[in-house]
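Next up: the structures, one after another.
Both complexes shown next keep chain A, but they swap its partner, so chain B is in the first and chain C is in the second.
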Partner chain A sequence: MKENHCDKNKELLKVNGLRTHFFTDAGEIKAVNGVSFSVRNGETLGIVGESGCGKSVTVRSIMRLVKTPPAKIMGGEILFENHDLLKISEKEMQDIRGKRISMIFQEPMTALNPVFTVGYQIAEVILRHNKKLSRAQANEQALEMLRMVEIPDPERRIHNYPHQFSGGMRQRVVIAIALACSPKLLIADEPTTALDVTIQAQILDLMRKLKEEQGTSILMITHDLGIVAEMCDRVAVMYGGEIVEQGNVKEIYKSPLHPYTRGLLRSLPRIDQETERLYTIEGAVPNPKDLPKGCKFSTRCAQCAEKCKESPPEYKEMTSGHFVACHLANEVS
Partner chain B sequence: MQEKQAIKSSPLLEVSHLAVHFPVNGKGLFKRQVGSVRAVEDVSFSISHGETFGLVGESGCGKTTLGHAILQLHDLVGGKVLFDGQDLGKLSKKELRTARKDIQLIFQDPYSSLDQRMTVEQIVGEPFMIHKTCGKKERREKVLELLDVVGMPSYTLDRYASEFSGGQRQRIGIARALALRPKFIICDEPVSALDVSIQSQVLNLIMDLQKEFNLTYLFIAHGLSVVKHVSDNIGVMYLGRLVEISAKKQLYANPLHPYTEALLSAAPIPDPTVERSRIVLRGDVPSPIKMRTGCSFKFRCKYAEEMGDICKEKLPELVEIMEGHHVACHRYDGQAGNHLGKV
Partner chain C sequence: MVWLDNKDVVWYKKKGVPKLLAGAVIVGLIVLIVLLSIVWTPYDPNLPNVSDRLLPPLSTGHNGQSYYLLGTDQLGRDNLSRVMAGGQVSVLIAFLAVLLSVVMGAVLGVMCGYFGKTLDNIVGMFVEIQHSIPMLLIIVMVLTLFGSSTVVLAVGLSLSEWLSIFRQTRAKTLVERKKDYTLAARVMGAGDGWIVFRHLIPNVMASIIVYGTLLIGTTILAEAGLSFLGLGVQRPYATWGRMISDGQTYMATGWWVSVFPALAVALLVIGVNFLGDGLRAKLKME
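Up next, the complex of A and B:
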């Protein structure tokens, strides 16, 4: 097996101009409209955005899990270890899913099958990608995985069904399944949104630890800017199916260039600060069927100028590695 | 001015030793009761006029049940609720209905709390119909006024709830809660289901309305940052019991209960430059069905070992350690009332 030995700057995943559209009775919805980003070896990239901004569809497109119809990947390329995932056959994709790229879903109950034991479900993934192993060997490995995700009393728990686990424990099982074949890339779609704060802290801790141990790259989808600050190296902010800003987490939190990023950061109530009155981004997310012609954020932007309404802004690099799509980025900063 | 101050500090709502249990029925033919879920146990607190009391805790800790119990929507096992000097538990059905005019609820989920088949006018106007306070024409005017207050345009009057986004629905829900000009509103996680950019709009609205209508809030949430922003006093709940009550500033600067400490340190801070050590709690919240002795937090508490047997054997009582700062933890045994001597 050829391994790219953790070259930190090497791009593991490179998404170029990805476009995923939905064809519905009500018309064409451009859920993902020209999205480009990359995940390097061993890094954690966060994608943040509000509901309906296209973040989940983006990662589902990478996994080729969008249902066709109604969705269709209209264009772009998804380069993973130098292969375009959009050009390979479904059978080849099945060999990649769960082995090279795996995914953790938001809702741990629906991600697990209620009629099989958790041990069986972990072993299933191991057997699928390792045909030479016997069931007993796979079970042995499954037990090892449960130990790794720190489930207490794994020898007994391996024979339990998902409903016998609490939410946090189920999410640990989902992580065990995802990491069973030591993937290079782990996609986590809101992995802690359904969990309580103290359980969220446990799961985030576990993910950080496993990432360090296994050198897995993580693509993390979330709406929580606090989680991004704690978990991610770089972040991409999505709005209306596009990435509006991307760059190093520290830099973006310190000097956000896009008014949407700035607004999001300022509108959060903070546990470590006093705020008299919260900043608000006026209005609501535009209807995806009827997005504004120019900048997608123009309808809610406090600084909106004439040109913002007319033409979409160019997505450009302002400083090294810090990208932004805003007509006013120069003037404001 | 002095007089106003005095009114402000007298409690509008006083809850004492409130307990709500839910029966757990067995599987047999007669489905006999085999146990009970102690959803709320021995909860006491009070809320003054014009103040916001924040209630935090994780799912299943009983915070919503507590809110509903105040409204007498559950049968109480023990304790009483004094609202404006009135014992709500002693009222007849009819009297309770009248009393509830003054106590309203804002729900968490703006999708399931509004009837899809009703127009905005019907939803917001329904309280007037139930309490027969005004005629049809006047009702329409009042609804328009309410919509204006919550920032909804008047043309939405004849639209159906399903046509609106989450944030707008929550505004409709707030308008309905305001309809009868209540004194007290229970906000049950009003922004948890909303997106970040909408969340701040609704939070600002809730706080503006408090000033405008001199409202008193019980604000239930699981997010400590949201509670911090809106509340004056905060109660932390764990497994049906209040483990700490304090003024906001005190609580965040000096959390006394180990659970509060852990909750605070678990909340992610949206600032990558902040470095802090995090207390990660072991395990999950235990089941509230089983009867336990001792402190309910003992299995997850980092101090339980060094404290020895007392945590396993004796239930800690909620006592005032510093002025206005109550905590239920054996680590502070013997410190009760200390503050009284200090001054």
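Up next, the complex of A and C:
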């Protein structure tokens, strides 16, 4: 707590009505369609949703890493420390990437360059953003980073190449690179999906520890609700390129308002309940080229009413900080 | 190479080592001898000596003092000195041409593979056009336009050879570009130039080195071929190709005139190919 010198409630990142569309031969695909959320200082926000719901495109838009063409950010604003990241130049963005906002990836096997030692790769980032440092000083810091991510025998390992590390160890190196410049925001795009369950737990513990130590905010993308429960303060549930529900993790797990969130939670096995067969949400994600006119979830929703098919629901605040986009939110909760 | 200094992976190093070693020894030896010829040859390679014409190997000259280890040619010039000096042109041209084509092919290949779009289309079009013109025609054209000197010859040869390096590098870059580490580098604040020169080129370097080494062999043969046709560096400077060509008239009476430069070419090409193969086996592991 004591290192939280900045205001806890201040919004570090605020995304307003972000829209990223893909222009393909088959037509325009609205991958991210009016997404709004915010990450506060020192907070962990989880974005959950199934494959193809637009969560990765959302964070890549924040980093301005979507490839244009085919993708294009059509609208909205991304306020990071009160600067709109969509309005600054690519050069300024390069200075922000890695220094203020960092990102770690799903696949630690390919996220490291195979021809350089891990020490070199960590030092490279440090030098990129601190031009005044000497190579020796950067190496010193790189060693410190390896120690911080708890890699055993860092003095020897710093001279190793990525292929000499296991998956979990590589992910630690990736985290070390991401945190080398003490960024304010760390974006983690399914950081543990490619790892064994035991290693997953270790990596998550490490991330939580580092977050506490450095006061970094984390934007965690995952499809694993267990990770959200363990790691996040707040969660945003995405479906069909939109956020359907957002709020405090505890509250959402206790009283989910959106039928999709309820479905997701019901399809998890629970330790305190005897379940014969797990619940599944019927149907599949609608084709992004041909989304339903009304609520995006209406094609799969058990409670779907007439108005759901006709008009998209409003995104409204039900209780303090708990947002939902559902016509029936009042009635069914 | 540099990226294997750990004791844990020492067994990897043994792979391809005999070939690599044999190649390095052969090439090193030939290059050393050729370098030596710049400062010292047994006799002046270009000085005719009519009284010692077409002496077989291991014979003594007319004056009773000169000793010709590899015999003399049709003008009585010492064959050993000529083989040594002839290597200067061949080796220089081969290395220069390969260096030029590697730089040109690798840089353009990585850039086209990385940026794609317009640049790739334009360069790709030129490559296609050049592919439709026979290589010999291009070289003859360059040589007639600029005269035949070492540099022109090297440029001409590299013009015909950079295509294969370009294709190889471009294809490899397309694979590497898709890997997360380029994205990771971007995420860490790297620009295009940084990614191309600090990440992609080092990664495609291994295959470029191997391919470039093998290309040296091809280039030596090509240069010898051109000299054989009379398109190479002009008389009186000895080149291996010209010596083979000149000697073929005397095949019946003085086989040594063309056989020794031919042996030198063959040996160097074999050595270079061993080197390339050994490197490939060694760099294959990651």
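To be clear about the criterion, the second predicted complex is superposed on the first by the 325 of 333 C-alpha atoms of A that agree within 3 Å, B and C clash if a C-alpha of one lies under 4 Å from a C-alpha of the other, contacts with A are read in each partner's own complex, and residues count from 1 in each chain.
In this text, contacts are C-beta pairs under 8 Å (C-beta built on N, C-alpha and C of every residue); 3 or more make two chains touch, one makes a residue touch a chain.
Remember, it's a predicted structure, so these values are computed and weren't measured experimentally.
Asks: Taking chain A as the common reference, can chain B and chain C both be placed on it without clashing, or not? Answer clash or fit.
Replies: Partners fit side by side after overlay.
Asks: Mind checking the angle chain B, chain A, chain C on Cα centres after superposing, to the nearest 10 degrees?
Replies: 80
Asks: Between chain B (first) and chain C (second), which, if any, makes contact with A:Leu225: first, second, both or neither?
Replies: It touches chain B, and chain C stays clear.
Asks: Quick one: classify A:Tyr279 as touching chain B (first), chain C (second), both or neither.
Replies: In the superposition, A:Tyr279 contacts chain B only.
Asks: Identify which of chain B and chain C touches the larger number of residues of chain A.
Replies: It is B that touches the greater number of chain A residues.
Asks: Who does A:Asp205 touch here: chain B (first), chain C (second), both, or neither?
Replies: first
Asks: So, does A:Leu265 touch the first partner chain B, the second partner chain C, both, or neither?
Replies: first
Asks: Tell me which partner A:Asn160 touches in the superposition: chain B (first), chain C (second), both or neither.
Replies: Second partner only, chain C.
Asks: After overlaying the two complexes, what is the shortest C-alpha distance between chain B and chain C, in Å?
Replies: Minimum over all C-alpha pairs: 6 Å.
Asks: Note which residues of chain A are touching chain C in the complex, please.
Replies: Contacts found on chain A: 63, 65, 90-91, 94-99, 102-103, 105, 107, 110-116, 124-125, 128-129, 159-161, 163-164, 174, 177-178.
Asks: Taking the complex as given, what residues does chain B use to touch chain A?
Replies: On the chain B side, the touching residues are 58-59, 165, 167-168, 195-201, 203-204, 207, 222-226, 228-229, 252, 262-274, 278, 280-281, 283-285.
Asks: Within their complex, state which residues of chain A touch chain B.
Replies: So the residues of chain A in touch with chain B come to 50-51, 152, 166, 168-169, 196-202, 204-205, 223-230, 249-250, 253-254, 263-265, 267-272, 275, 277-282, 284-285, 300.
Asks: What part of chain C is in contact with chain A in the complex they form?
Replies: 3, 5-6, 8-9, 179-181, 183-191, 194, 198-199, 202-203, 205-206, 286
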